[in-house]
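The same subunit A turns up in both complexes below, where it pairs with subunit B and then with subunit C.
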Partner chain A sequence: MRHILRVNLASLSSLREPVPEAWASLGGRALTSTVVAQEVPPACHPLGPNNKLVFAPGMLTGTPAANSGRLSAGSKSPLTGGIKESNAGGTAARMLAKLEIHALILEGMPQGEAWYSLHVTKDGVSIQEERDTVGMGNYELVKVVHARYGKPVAVVSVGPAGEMRMLTANISVADKEQHLRSLGRGGLGAVMGSKRVKFISIDDSGTPAITSKNPEKFKEAARIFAKTLLDHPVSGKGLPTYGTNVLVNILNEAGGLPTRNFTQGTFEGHDKISGETMHDTIVARGGAPTHPCHPGCIIRCSQIYNDQDGNYLTSGFEYETIWGFGADCCVENLDDIAMADHLMDDLGVDSIETAVTFGVAMEAGVLSFGDGKEVVRILRDEVGKGTPLGRLLGGGAAQVGRAYGLTRVPVVKGQGIPAYDPRSVKGIGVNYAMSTMGADHTSGYAVATNILNVGGRVDPLGKDGQVELARNLNIATAAIDSTGMCLFVAFPALDIPECLSSLVDMINAHYGISLTGDDVTALGKSVLKLERKFNLAAGLGPEQDRLPEFFCLEPLPPHNVVWDFTPAELDAYWDFD
Partner chain B sequence: MRHILRVNLASLSSLREPVPEAWASLGGRALTSTVVAQEVPPACHPLGPNNKLVFAPGMLTGTPAANSGRLSAGSKSPLTGGIKESNAGGTAARMLAKLEIHALILEGMPQGEAWYSLHVTKDGVSIQEERDTVGMGNYELVKVVHARYGKPVAVVSVGPAGEMRMLTANISVADKEQHLRSLGRGGLGAVMGSKRVKFISIDDSGTPAITSKNPEKFKEAARIFAKTLLDHPVSGKGLPTYGTNVLVNILNEAGGLPTRNFTQGTFEGHDKISGETMHDTIVARGGAPTHPCHPGCIIRCSQIYNDQDGNYLTSGFEYETIWGFGADCCVENLDDIAMADHLMDDLGVDSIETAVTFGVAMEAGVLSFGDGKEVVRILRDEVGKGTPLGRLLGGGAAQVGRAYGLTRVPVVKGQGIPAYDPRSVKGIGVNYAMSTMGADHTSGYAVATNILNVGGRVDPLGKDGQVELARNLNIATAAIDSTGMCLFVAFPALDIPECLSSLVDMINAHYGISLTGDDVTALGKSVLKLERKFNLAAGLGPEQDRLPEFFCLEPLPPHNVVWDFTPAELDAYWDFD
Partner chain C sequence: MLITVKLFANFRVGRFVVEVRDYPAGTAIKAVSGSLGLASQEIGMTMLNGRHAEPERVLKDGDVLAFFPLLGGG
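And then the complex of A and B:
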């Protein structure tokens, strides 16, 4: 029987509840955002007892549907001050789904200084006090937890950064190889740390396979759906071959690769950090150039990156991270960036926020642009140990910008801007400004249509059509984030009609319902609207739906373009029913 | 001829303009807020080229009116993100008034790395590049500038903190003894630093005395006004004898003295830091227990505090500072607090924001509660040198709270809460929440009526009448801040009818106009409304008119009261025409 599992950290007790009818057809982001909007006071302190941390598998998680194994977490974000959903792969979502846990909700906070772990099985949850694992990095923690239970239980954890309630702290989810995926953005690790939960282990032993209401129809739809993923050039070829890092050369070519703390759109050293170079390096060192982030993924854009001696260094080594420390911080040594990635996973900090933070810190003179060795040292010895410098950088880009009195601080709603310059990729700029999540490239990936010619073509340097494009993609994203699907299914969904129809068919066959494509769009709209409503009540209004002023004042080479949307043009984004 | 003096730091040029008619009858805060509201885009970065820094003497500054020599500065605050006015004594306001400078407006910012000074005389302003004075503390700077010009010119300056654009940075104004007064709050020193102006020197040589339109009437009104100041027990006796620090014992008695980072309302060591103890210490060491902060002050609540050897240590040593490092940080050694005060004046940081910051840092474990020696060391060696820890603390209480993931962070709109706990002095709590300036005890000093029985009596622990009280006092304050008067004239104004009427008579006699008391109230209302409008456009809406959640959750001993105003009760504050 599907249920809601609540764990109250104040009373150290748990409660199984039936799924309220209004929540029954929701999953992933639609569910986490609904719970947060209904149960978290928008004005509460995100690290106080009134905030909640909600985990939910997607609508299709646990089924054989390709790429459906993402875990969503939702909360009030301590970084943005607004609502937050973040999702990742790993094994946890599938195990929760098999345990028929519709959502796991962490509430309250302990009085004392003790730390806890939650062990979730078919018999419920046990809450244990933790001692030896406190202060442990995520890599070691996963091994210790697997050893404790004698099997590869799913592990959802915070590293030292989450324990320290740093606003860059993420939540880690282990994958099958005991490597780490991240619910990266918005400082959700700090929320988990504030509740003094070091980790959640999940064991789905003894649960039956998940069955669909209409297995035959499901199977047929799943087959069509998977074929569209493999047929599309981006999800079927580009991503599996080079990973997300295929984008370095593409964005550099487009003049949209933010470089040297967002002062240029091209990076001289792009070749040294590109997906092509990375692919060859991985192959030469015996790593895995292609790898799934969760069971059931057939895009396999992840990889395993070994060091010069052929030993494991990092995995899930993404474009965003490589852009951030590469172009934005001008580090040309891919091994330095890989080491930074390893450390960030181990400490549990968001690699986007951290990279943008380092770019700002370099501008402030804390370290030199290009100094990858110093990046690694600061991550390990300062952030990892919570020194004053570590606390400063652990608070994110906005904090460093304020501490050093800088104006070139690429953040929206306090969250660092990802790897596409909004001046020369204006569609994504609109979503940086308008997203309910703060600056976020996954809130409607307009780069697809601006740069990759997916879903048509909208000139990246012009304003025409960008607001509508960005809004529609954000609506679609909110729906996709609710299914448990990887967002990369959006590439075929934009170009191949059967992709979206087969996705809807899968949902219908699985639940025995009869949604239409319009219903899915309506779901996306309703998610955005409830998130927006929460943000307004939390004090994030239209004045916060803006890019920093420097984008309007400083033309970006090589196109020498500025950000030139008027407030009224942006505010029209929310004009939809 | 009264004029507006504009200095453009981008072009290093200046411009004298006639006073626009709409600005002619304004002064002080009414003028600075009007200029900011009209000329600064609310969405601009406070440290960017579109912000302006406006200095204005008050409406009566330069006349023989008692206590009329305050200098106002206005800008968009980098600390609160909203409009800001801060005012102080010293000699600058009077000199500007004698030079017939209605307002001095700093605009734009230099391209390069050079620093500048402005020298203002009857012949205009000269802009000079500064080298030797860069990095200099305010105390030494004043001496160097006086030596440069061979006379006691007025000096308005930033210390190292302002140069580093720290958000706690204030603007200093020298007094006649080359000691320092501070335009303390809101980080205005960072704005001046962002414009790369190290100091402004003002020489009123060769200017005639300021004459009133009706000298006889002015003289008579001024006499009555001065008498009311001397007749009132607070401004005529309490303040001159013990200074503002008379409040330590009074607030401790009332259970409203925020102690140990706002966890208690009484401080065990109150006797060691009280105004009474301080008075005796000053007398025993040959200091000055009473002293005017600007020429013409007859309240003389300032003082000169010597060290154990009888050498000058600090002056303008206020209740807020002593409360902050004393009760809030639990430092019981008055000499340690005095040394901290000296260092803060020299570095140019706001002593309220800095004290609240240290209280939060102590809760974070950065240093121990009560460790005055470490406070001094951190101010001198970390804040003064811009180390990472110094940058962290130099960013203010909100920043430290975020960096360490704390919930007990006493700030409103990013600005630290002063020396009266809002739970047990609810009237001032209303103004902390509602003030256009962020948490600010000078935005309507309801402590007067809650605690001191001035202007009647409203129970400090109850909610009844507090919103109306706070609003009316804030309206009156906005008007007083426009006259150039010290806010302490509010004490007699609340109790002695002749005080306000003679103040109005002075304005009328000086300008040859015929305002009524209602006009003065209308002025105060209009100032608040334009400030509020600016803040709304800057993104500070009703959701920011709130106290931090912990005040609602944590009862304050000894009265065990919480902050219990509803949003609707607070929002009614703005219901006035």
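And then the complex of A and C:
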């Protein structure tokens, strides 16, 4: 029977509970945010005993639905001070779903200095003290845990950064190749570290296959859904071939590629770090340009990137990471960026926050723009070892900006702004400002409509229609994040009507319910509203729904545009029921 | 007139990355894409001097024109 599994780290005990009626039809982000909103006091310290860390598979995770295997994690973020949901691939979500664990909730914190691991099986959870794995990087840890259990269990872990409770720390989720996917943003790794949990291993042996209430209908809907993913040029062809990094050249051409700590919209070295170059490099070195981050993904935007000698260097090498160390830090050597990506996965830090932080640190003079070797050294020897400089940078862009008295610090609610300049891609700027998550490009990807001509067109340099567009996309995203689907299903969903209708049909056939498209929109709205309510109570009011002032003062070349939304225009974002 | 033409992703295959090409005055964007054998339904984005542009737009000397297939990421 589906249940809630609670682990109390103060008493080192666990409890299996029936799923409360109100949570029964929720999954993913809808569930993690509901639990956080109901059970975490908004004013609590995110690294204190009253915060909780909630893991939930999506509504369709564990079924044969394509791309449905994402794991959501939710908590109060130590980086933003607000609510946080982050999701990733890997094998954990599917195993939790097969074990009929609706949500896994970590509560409280231990008294002493010991570290623990949790091993979750069909018989429950065992809590063990950890010694040898403490201080270990994520790559080695996954190998050690697999060896300990003698089989490929799912591993959800923190690296040294999480143990040190750095605000850039993420939570890693191992994929089937023992590589790492990340619950990246908002410092969730610091929350797991504060609870002194080094890793969670999950073994779904002995569980039956998940069955749908109406298997025939499910099968038919799943077939249509998968077809729309393969038919759309973005999800069927562009993403599998070039990965997300194809965006470097697009954003560069549009003048929206934040460069040199957000002082220019184009980067001279763009073609050296572009998706096209990366694709050719991967192929030449015998890597894999196309790879799924979790079983069941048919879009497969991930890849395996080898070094010059053909040895594995990194995977899930994303546009945001490459933009961040490439354009924003002016590093033109893709191998240096790949090495940084590898180290960040191993240490367990968010690659977006870390890249934005280095851009600010370069402006501060800590290192020079373009010095990829020094980036790698600082990550390995300073952040990895927790030196004072490493702790400073491990605290994120806002912390470095304050330490050096800078004004050009690209963050919203303390979280670093990703790879699209809000001055020249205004739709995404609206969601940077308004998202309940802090600056987040996945909270309603208006880049699709502003730049990529997916889901219609809205002029990226103008204000017209942007607030409405951003809001509608954010609502849709909150709903998709609840299904367990990868957000990239939104590309076909924006253009092919059967994509969304078959997604709703799958949910209905699986649960034996009869949701409509409107119900799904209503779910997205309710998620955003409850997250917003939590944030207001946590002290993140409308005055935090703003971009840093420098965006209004410094025109961005080549279009020489500034951020010019008024507070009233932005506040209208929340005018929906 | 001289037009800088840039191609991206699979449009580069068998063609080029960037070229300065000579076209008669009054040439529209769609004539350039046609001359390169890019079918209109394959073109996801066209940018003229860093702004989105329609196929009917008439070019002028020194313009920078970029063609992309339909692509996405995030």
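One rule holds for everything that comes next: the second predicted complex is superposed on the first by the 577 of 577 C-alpha atoms of A that agree within 3 Å, B and C clash if a C-alpha of one lies under 4 Å from a C-alpha of the other, contacts with A are read in each partner's own complex, and residues count from 1 in each chain.
As a working rule, a residue touches a chain if its C-beta (ideal position, glycine included) is under 8 Å from a C-beta of that chain, and two chains touch if they have at least 3 such contacts.
Because the structure is predicted, anything quoted here is derived from the model rather than measured.
Of the two partner chains, subunit B is the only one that A:539 touches; subunit C does not reach it.
When both complexes are overlaid on chain A, the residue A:244 reaches subunit C alone and has no touch with subunit B.
In the superposition on chain A, A:255 contacts subunit C only, with no contact to subunit B. By the touch criterion defined above, A:447 lies against subunit C but remains apart from subunit B after alignment on the C-alpha atoms of chain A. Of the two partner chains placed by superposition, A:281 touches none, neither subunit B nor subunit C.
Of the two partner chains, neither subunit B nor subunit C is touched by A:333. When the two structures are aligned on the shared chain, A:234 is found in touch with subunit C, with no touch to subunit B. The contact surfaces that subunit B and subunit C form on subunit A in the two complexes do not overlap at any residue.
Residues of subunit C that touch subunit A in their complex: 6, 8-10, 12, 17, 44-45, 47, 50-52, 66, 68-74.
Within the complex, the subunit B residues that touch subunit A are 42-45, 47-50, 78, 164-167, 190, 193-194, 366, 387-389, 391-392, 394-395, 399, 402-407, 537-539, 541, 543-544, 546, 548-550, 553.
Listing the residues of subunit A that touch subunit C in their complex gives 233-235, 237-239, 241-247, 249-250, 253-255, 271, 275-276, 301, 319, 441-442, 445, 447-448, 451-454, 457, 459-461, 487-488, 491, 558-559.
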